[in-house]
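Here the chain labels run A, B and C in written order, and each chain numbers its own residues starting at 1.
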Amino acid sequence: MGVLIIAEHHNGQLAGATRNTVSAGVQLGEVSVLVAGEGCRGVADEVAALEGVTRVLLCDAGAYAEGLAEPLADLIVAIAKDHTHLLAPATTFGKNLMPRVAALLDVAQLSEVIEVVDADTFKRPIYAGNAIATVRSRDTRKVLTVRATAFEAAVAGSGTAPVEVVEAIADPGLSRFVSRALTESDRPELTAARVVISGGRGVGSKENFTLVEQLADKLNGAVGASRAAVDAGFVPNDYQVGQTGKIVAPELYVAVGISGAIQHLAGMKDSKVIVAINKDEDAPIFEVADYGLVADLFEVMPILIASLE
Amino acid sequence: MPIYHAPVRDMLFAYYELNPGDSLRSLPGFEELDRETLGSILEEAGRFFSERLLPLNRGGDEQGCQWSEGRVTTPEGFKEAYRDFIEAGWNSIAFDPEYGGQGLPKSLNVLVDEMLCACNLSFSLYPGLTHGAWTALEEDADPDLKARFFPKMAEGIWSGSMCLTEPHCGSDLGLLRTRAEPQQDGSYRISGTKIFITAGEHDLTENIVHLVLARLPDAPTGIKGISLFVVPKILPSAEGELGEPNWIGCGSIEHKMGIKASATCVLNFDGATGWLVGEPHKGMRTMFKMMNTERLATGIQGLGIAEAAYQNAVAYAQERLQGRSPGAGDKPAEPLIVHPDVRRMLLTMRALTQGCRALAVWVAQQLDVATYASDPLQRQQAGELVALLTPVVKAFFTDTGFEVANLGVQVFGGHGYIREQGMEQLVRDARIGQIYEGTNGIQAMDLVGRKLPMAQGRLIERFLVPLREFLKAQQDERAMDEFTGPLSAAATMLEQAAETLLGRGAANPLETGAGAVDFLQLFGLTALAFQWARMAQIGLNQREGDEALFYAAKVNTARFFMRRILPRSEAHFRAINAGGDCMMDFDDRAW
Amino acid sequence: MKVLVCVKRVVDANVKISVKADGSGVERANLKMAMNPFDEIAVEEAVRLQESGKADETLVVSLGDKGCQETLRTALAMGIDRAILVESDTELQPLAVAKMLAAVVRREQPDLVILGKQAIDDDNNQTGQMLAALLGWGQGTFASQVTLSKNQLEVIREIDGGLETLALPLPAVVTADLRLNEPRYVKLPNIMKAKKKRLDVTCPDALGVDIQPRLEILKVEEPPVRSGGVKVADVAELVDKLRNEARVI
């Protein structure tokens, strides 16, 4: 018995959130990790080296190549009986997959877990993070998705967990992968970035957003935006940080010209260090910022960018 | 950006709990209007207005309407919003279904109007004028005129305007000069200049149906020689489609204190073709019927603005950290709402706004009864109450709208005075309500000089009888004493003041004018006290359950009204009693 | 083709919620309720499928207390043909909801089920996936575009970092993401028409589903408050603090 973690990986690369999920799993018992995919031996080896992983299950088959929920869920159910807890990161991959697994096992699922209280009890945000619920599961088997920003990433140690091969099972053939179009950007992905620079309505226009982008590039950060900036058409929708956008918790979050509406704060308040630049000294963003600079962003942003040369 | 949440719960309270909304369902065509349905209609209307029209309010104010070569362009976004507005059916709520309207109660229209005005007063005036024109035509126009104009007006693709004022005549329409010459084909040629014409020219609709006051060649002088004509911007063909442009030019638009996104036009009629509405020389009669609904609608504008100001002030006072409550020592800054004076302002805003809403719903439901009830006596009595309260609603509500908007600025402090928060716009937009559709001074004269003496002084009884019945029914309720006591005192003052004014007015007409505005204020305060006492009575009986907080707030607001606002009535009463000598005796050479 | 939509009644998105002092949940008395915004998108999609002639019948289901009738009427006013309420005053969790929906689906035999991707109260994001599992159907979650051709559905999904396209044989389950469409405003005449549309009420027992909650909420609390830090005077001080105090750059 123990914990089974479903690894997320793409194109031979382990998705970072899996490592945070391992850290959550370690708090619940011995951790096995399922790496299912096609040609993913390398990922299995990488997982085997993570601290805290005691066993890797590798299932290499075409049906799992694109991470489709239907065949994966069937596979997980087939091996679930050996485990008390089934965990996946609360990414679009995990959120798509784990409820299906839970329903097939006839158990409840817990979404976006941010704290392990004990083997049956977990904390998770509700109402877009405006409240935290402590929830106890009455099921014998627990299926969880884990919010990566709430757990440290398991480090790549000297661990050499054994890699066991698992047989694939029949593909139910309920869906077919057609294509994937990932946003091309030299910048890191918003939810995974160590640094995020976000602009708000105060930035004023699409053109002025280059100020935000320049700062992001200086710090190797991702670019985000408030809903107001998205609604005003300065940037595309997938830049949006907040209740209806992405939840981020980078080491450094810089809010530029963002007033700090509740809906925005819900998406970034768990960042380690928050910097706010706004000309309105009463803007609510300053109530959560570690460092606040009351100034006209058009004056100080060029200086800030230049001083990071 | 200003917020607005449709006050649906309070509206349903006023419509079904305070007033007998369910009894309206016995009126023909209103059977479907149960509480749940009204609730959904109000939710959806509030949602559309707050999401589509509220965001245009500030830009509309900044940009204003633009005039160029006789054409008026409305601010950015108005055209699209208007198209969505009419498509969603909000234009034709109470219009006759025979012509494509939805035949719903006028009282529902009043509630929807309140939300519309709260979100964007300038915008509301475009459909508002269609309503005015519709009402005038509905009263007295021939069926073929109705058939020609109503379907497009119900659809909203043709709007309306009311052309009364001329450069030399505003409040005194007896002076008007615009001429109408009869033509062979039964139509008329209209010539003259009209000013201050709201929605007289704009780009929201393909046609504008102007209702124009003018004199026939054989007209008697003064107010008894005025006829009403319908004069469209573009002449409709026999099939009701667009034909030739009419001879109407828009000379310019006004630059105003507020409602800047509403086009206030100078219109030149140069032999424009029009048709007579109703009988010759009887135009003012039709106009007065129309004006009564317009006056109620203007009062509702004040109410809408008040609600908008109140909601934003409360939100700001809850969030803005500034100072500490008295005696709190060195604690961190607390929200504004801890300060007694801020609470005084907020409760004043709340008590006036919700009190006006309660009164508005009463009057609006009586308007439905007056229009649609099958029993003639019922219709007459309801009509008398509406006639009596119309000037009160118009003047007291618009004064309230201005007072509450002004308090809103005060709660915001410096942030209320700058433009960004939208609070100062509410003050500027509210201001016109006290002036147009008959200034509030004229409303007071209408109340004292026309409505009080009308029908042997019977009208005021339509108000006082239910008030006395309520007091009698509550006389043994000790918990109600704190509400019925002040109400009873106010009602007594109102009765005495009415007698005083009628008595003195008979001897010296100047006395009527000297006391009129104070009397109207005294009336408004008493009417609100009546509403608040009734609301308190309902609240006291609903102390348990999910909504205990809502009902307790009614009781507490009623208490605030009785203790902190109603005392104003005593000042007005004393001013009335003081008479007009001290004004009229003032030496004219000394001004 | 028949499309079934599921809607949940939730606290209106514009309402600021507060946690009850005794930690038993969030304050819900007196709050304005509304259709879950993602479900509104699901309803809109179904109505558009019907308007474009691709669907010939649309049906909406909600589960919860009597108040859900109001939410169902809104869906009917948006253009859905018929409604079913599974009335229950007890707390319903996603697995129980999915089981009841599966029972309704077996009875109604739709070709496509559309749900919002998550409800904005519990933020679970589970019901659609669970329903697909229970029915043994394919799932197109977090959809930003749905294209229907003969017996097949092409779904563009919002995934981390971009978009993914899947093909699903019908019947299938789709969950709606924010960009799938922009829901329409309800028209006044349609509110009146919706009153006359059929709304059937049933209950969990009639569907033969055990709705016993599997998860027990022990406590609901406010999230930890983040206290504001310091104001810096200028860029130089900011850079210094970030370098030497916070050590993040």
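In this text, contacts are C-beta pairs under 8 Å (C-beta built on N, C-alpha and C of every residue); 3 or more make two chains touch, one makes a residue touch a chain.
Bear in mind that the values here come from a model prediction, so they are computed numbers and not experimental data.
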| item | value |
| --- | --- |
| Pair sharing more residue contacts (C-beta pairs) when A-C is set against B-C | A-C |
| Chain closest to the middle [Cα centroid of all protein chains] | C |
| Averaged-CA centre spacing for the pair chain B and chain A, given as whole angstrom | 54 |
| Whole-Å gap separating chain A and chain C, where each centre is the average of the chain's CA atoms | 21 |
| Where chain B and chain C are represented by their mean Cα positions, the distance between them in whole Å | 40 |
| Multi-chain contact sites of chain B, meaning residues that touch two or more partners | none |
| Contact set on chain A toward chain C in their complex | 68-70, 73, 91-93, 95-104, 106-112, 121, 125-139, 172, 174-183, 189, 191, 195, 219, 237-238, 243-244, 251-252, 262, 269, 272-275, 281, 286-295, 300, 303-304, 307-308 |
| List of chain C residues in touch with chain B within their complex | 14, 29-30, 32, 34, 69-70, 73-74, 77, 185-189, 191-192, 195 |
| Residue ranges of chain C touching chain A (in the complex, touch as defined) | 11, 16-17, 19, 26, 93-95, 98, 120-134, 136-142, 154, 157-169, 172, 178-179, 213-223, 226-232, 234-236, 238-239, 241-242, 246, 248-249 |
| Footprint of chain C on chain B - complex, ascending | 5, 8-9, 32, 36-37, 39-41, 43-45, 47-48, 51-52, 84, 87-90, 93, 102, 546-547, 549-550 |
